[in-house]
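Supplied in structure tokens, the structure appears directly below.
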Amino acid sequence: MALRHTSLRNFCLLLRSQPHSRSTSTSTPRSSVSPIELSHFSALASSWWEPHGSSRLLHLMNPLRHEFIASCLTSHPTASKHNTKSLRYLDVGCGGGIFTESAARLPSTAKVVGIEPSREVINVARAHACQDSMLLEPGRLEYKHACIEDLALPQKVEEQFDVLSLFEVLEHIEKPAPFLAKCLPFVKPGGWLVLSTIARTWTSWVTTKLVAEDLLRIVPRGTHDWGQYVNERELRGWFGKQDGWGRDGCLRTMGVVYVPGLGWRMVERGESWGNYFFGVRKD
Amino acid sequence: MHVWDALSSESKIDFSAGENGRKNTSAIAYMTENPNLTRALLARLESLEPISSFENAKVTSIDLGPPQDSPGTLNLSSYPHVTTSSSTSPLVARLLIGADGINSPVRTFAHIPTRGWDYDRHGVVATVRLASRGGSHSQIEEAPKVQDNVTAYQRFLPSGPIALLALPGDYASLVWSTTPEQAARLKGLDPADFAAMVNAAFRLSVVDVDYMSKMPSGQVDELAWRLQATDVPREDETKYPRIIESVQEGSVASFPLRMRQADQYVGERVALVGDAAHTIHPLAGQGLNMGLADVASLVRAIEYSVSHGGDIGVQGNLEAYESEMWMKNNRMLGVVDKLHKLYGVSWWPVVGLRSLGLGTVDKFNGLKGWMMSQAGG
Amino acid sequence: MSTLLAPAACQLPAAIRISTIGSNKAFTVLHRPPPKYKAHVPLTNIERGALAVGSAVISLVHPRRGDLIATLGETTSTPYFIYRLRDAMLSSPTGRRILRDRPRVTSLTMSLARLRTFPPNSVGRAYASWLDRERVSPDTRDNVRYIDDEECAYVMQRYRECHDFYHTLTGLPVVVEGEVALKAFEFANTLLPMTGLSLFAVVRLKKQERSRFWSTYLPWAISNGLRSPEIINVYWEEELETSVEELRMRLGIERPPDLRGVRETEKEARKAAKERRERLRGITVA
């Protein structure tokens, strides 16, 4: 159930090129986003930042995202330490801005761009950022009500990003491959695409579908399509076919498990249990 | 450290450095006077550049910031605004740390309730000057001066424990927990009688201490007579603190003893440390240690939050501090409360059992080592 | 007896405390420590026990052996009891003054000639006439020898020397019957074991005396001994001019039935009966 929450909050339907069961809209933004799901998450927007609200577990997971990213950035032999304000982040499906804000606060960060297709949710993110003067520093944090295809393709290296993050997004994408392909040009050479999602295994079916949706009903039925979950092996296979990605062993995965009473824990080779992190470097 | 029970002289426990299994440990604990600690902290603050401190300033109010509706502009309505007597505009705190004592205004601002009770006891504190040990020892036998004043002494009297903790030089810090009436009488004594009363409390029988503490004056004379009549074998002389020669002027003070535990140590943009979070009976000398441990834990939580891009004022980012310290402090509060109750009893079966217990503990160095590591922090 | 002990029992540890301070682990028969005061005889626990049993047995056979009763009193007063009595003195301003001044009752400090000039109802006068009537002297009291703590030894000495004042206060005579009644009172008041053990002397009483003890004097002794404050804290030297009645009132002690008077009456009656019998016999013989 905890796992379900996590993926639910940071929902972002960015790409649904050929929707079957859900009606689609191409009004704003351009891409295909289900209005039903959009309204669903917009309703949750107001509680996004409540300290004991429903997204508490997501808040708790956030530090691990940074630890995973840090482990990725330092893993390449030529990696330099990012002590100065130099890193640029693109947070795709940023939701209320939990990861976006925290990335913007890091001393090594130059700029963070967060994009999100739900107007209500992006407004929550914008309003919340106003509570921290640090985030209002010019150029540090920028929110866009947009999908990835709304963004202009970068023309030069300076417009690309050191880290492109897709946290709890992929499981909502019907056709992940074309979506990922659209993200690739935004990553700077030597930069990383980092994501977290849920593996399509019987354990994740029990926790996210049976327990969360059917038994405890903390997630409305049908919110998730277990069949849309992506396994680490599938991602690994797909990136293996991409030219210029993940050389020198720069493709990293890490399982992440919520242990009641202890919190989130990273578990090596636990990527098939349910939630996992995935990072791959552009050569 | 030498601890004993006024109702049973056989009942004692000695703690010595080296028993706690830690190598290269030369002391169980260190004593320092508050001014020294404050001076060191201020010096450290000065070495950290961007820190401003406000001297001779009093907090006059703590409120939330005004509501802010216009989008896109800075909204500090969830930040505590602290108004002080020395500044015109309020200080806006991302994180307001309440280290403001048992009646913490920060805690009141955060609407955090506390639980606990008042002991019907007051703590009388003073800084005293010790006389040198009696002249019968030859110069050769005399231990080096440095080693002479390093032992802490604590005696459990039925009205509460009295403790003498070594300070540099010939000084020592006195903490005497006793009834409010007796505390008032002690504070009213003239300095010589006060010193005599403290000497009596460490050396004489409970009956004598009781009687003398009710005398309006004349303790000096009474002590001289009773010391003569009380049979203290020579070889036990080091089991008692050195005779107190005088009391430092103006150092005698008293405060009511209480036990308090805040329901929470953290709130939104608020963290409580030290006495603001918990107040403890001084018999085990743990108040400062607990406060320092709080601060160390809070610093760890803040460091983690900063290194992971968190807003250090957000309650969720402070909870690591609370979950690390709350239960730990609660246990310490409970243990010390039970000790206070155990030693408040004069009924002989209880005295017998606690003597047995203390005697048993005294024989197990491993157990004592563990206790020292708990108390020494 | 357990009920008698209860009020003071809570102070037991204080007694244990002091008793252990004086004890020396190296103390054996061959290695006797030096005396702590003049007349002090340090004893091992075994010696003290043996002395207690011996003195108890012999003094039961010879109740007039005051020295043995004194030995019994000293050897059974530790642990605890003498310390309790000392602590009782230390808790009272007058008791503390006595311990500090250490007054002794002897024919030198108590001039009988002077006391005889006091008003008839005064403590001093009553004490003097009591000594005269019973033909005893303040100097008949032994020195304490077997109590290790010097201050406690004085407490025992004081108790012993003031014993005659107790007679004065209660009016109980020195005959065995009177002594037993007074010991019962002292036991209830001081809790010293010897005073309790002395009650075994009740077996030596005549049948009539014994029933009088059970029905009259023992109930009086217990209720008065428990009710009144510690009599050891009376500074007798300062009360010599006080009237007996007033002192008794202050201490809350009722005067027991006049034992001497009762015995006189009985004796008279017995004598009269005997004379009657003699007369009758004379008549028959004649």
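Labels for the chains are A, B and C, by order of writing; each one numbers its residues from 1.
Convention: a contact is a pair of C-beta atoms (placed from the backbone, for glycine too) under 8 Å apart; a residue touches a chain by one contact, two chains touch by 3 or more.
Values in this document were obtained by computation on a predicted structure and should not be read as measured data.
Here B is the chain whose Cα centre lies closest to the centre of all protein Cα atoms. Distances between chain centres, each the mean of the C-alpha atoms, put A farthest from subunit C.
Centroid to centroid, with C-alpha atoms defining each point, subunit A and subunit B lie 50 Å apart.
As a whole-number value, the distance joining the C-alpha centres of subunit A and subunit C reads 97 Å.
Centroids built from CA atoms put subunit C at 52 Å from subunit B.
Residue positions of subunit B touching 2 or more other chains: none.
Within the complex formed with subunit A, the residues of subunit B that make contact are 68, 71-76, 78-79, 94, 268, 304, 306-311, 314-316.
Within the complex, the subunit B residues that touch subunit C are 7-10, 205-208, 210-211, 225, 229, 231-233, 346-348, 351-352, 355. For subunit C in complex with subunit B, the residues that touch the partner chain are 9-14, 16-18, 20-22, 87, 90-91, 96, 99-100, 149-151. If you check the complex, the residues on subunit A that touch subunit B are 51, 56, 59-60, 62-63, 66-67, 101-106, 126-127, 130-133, 136.
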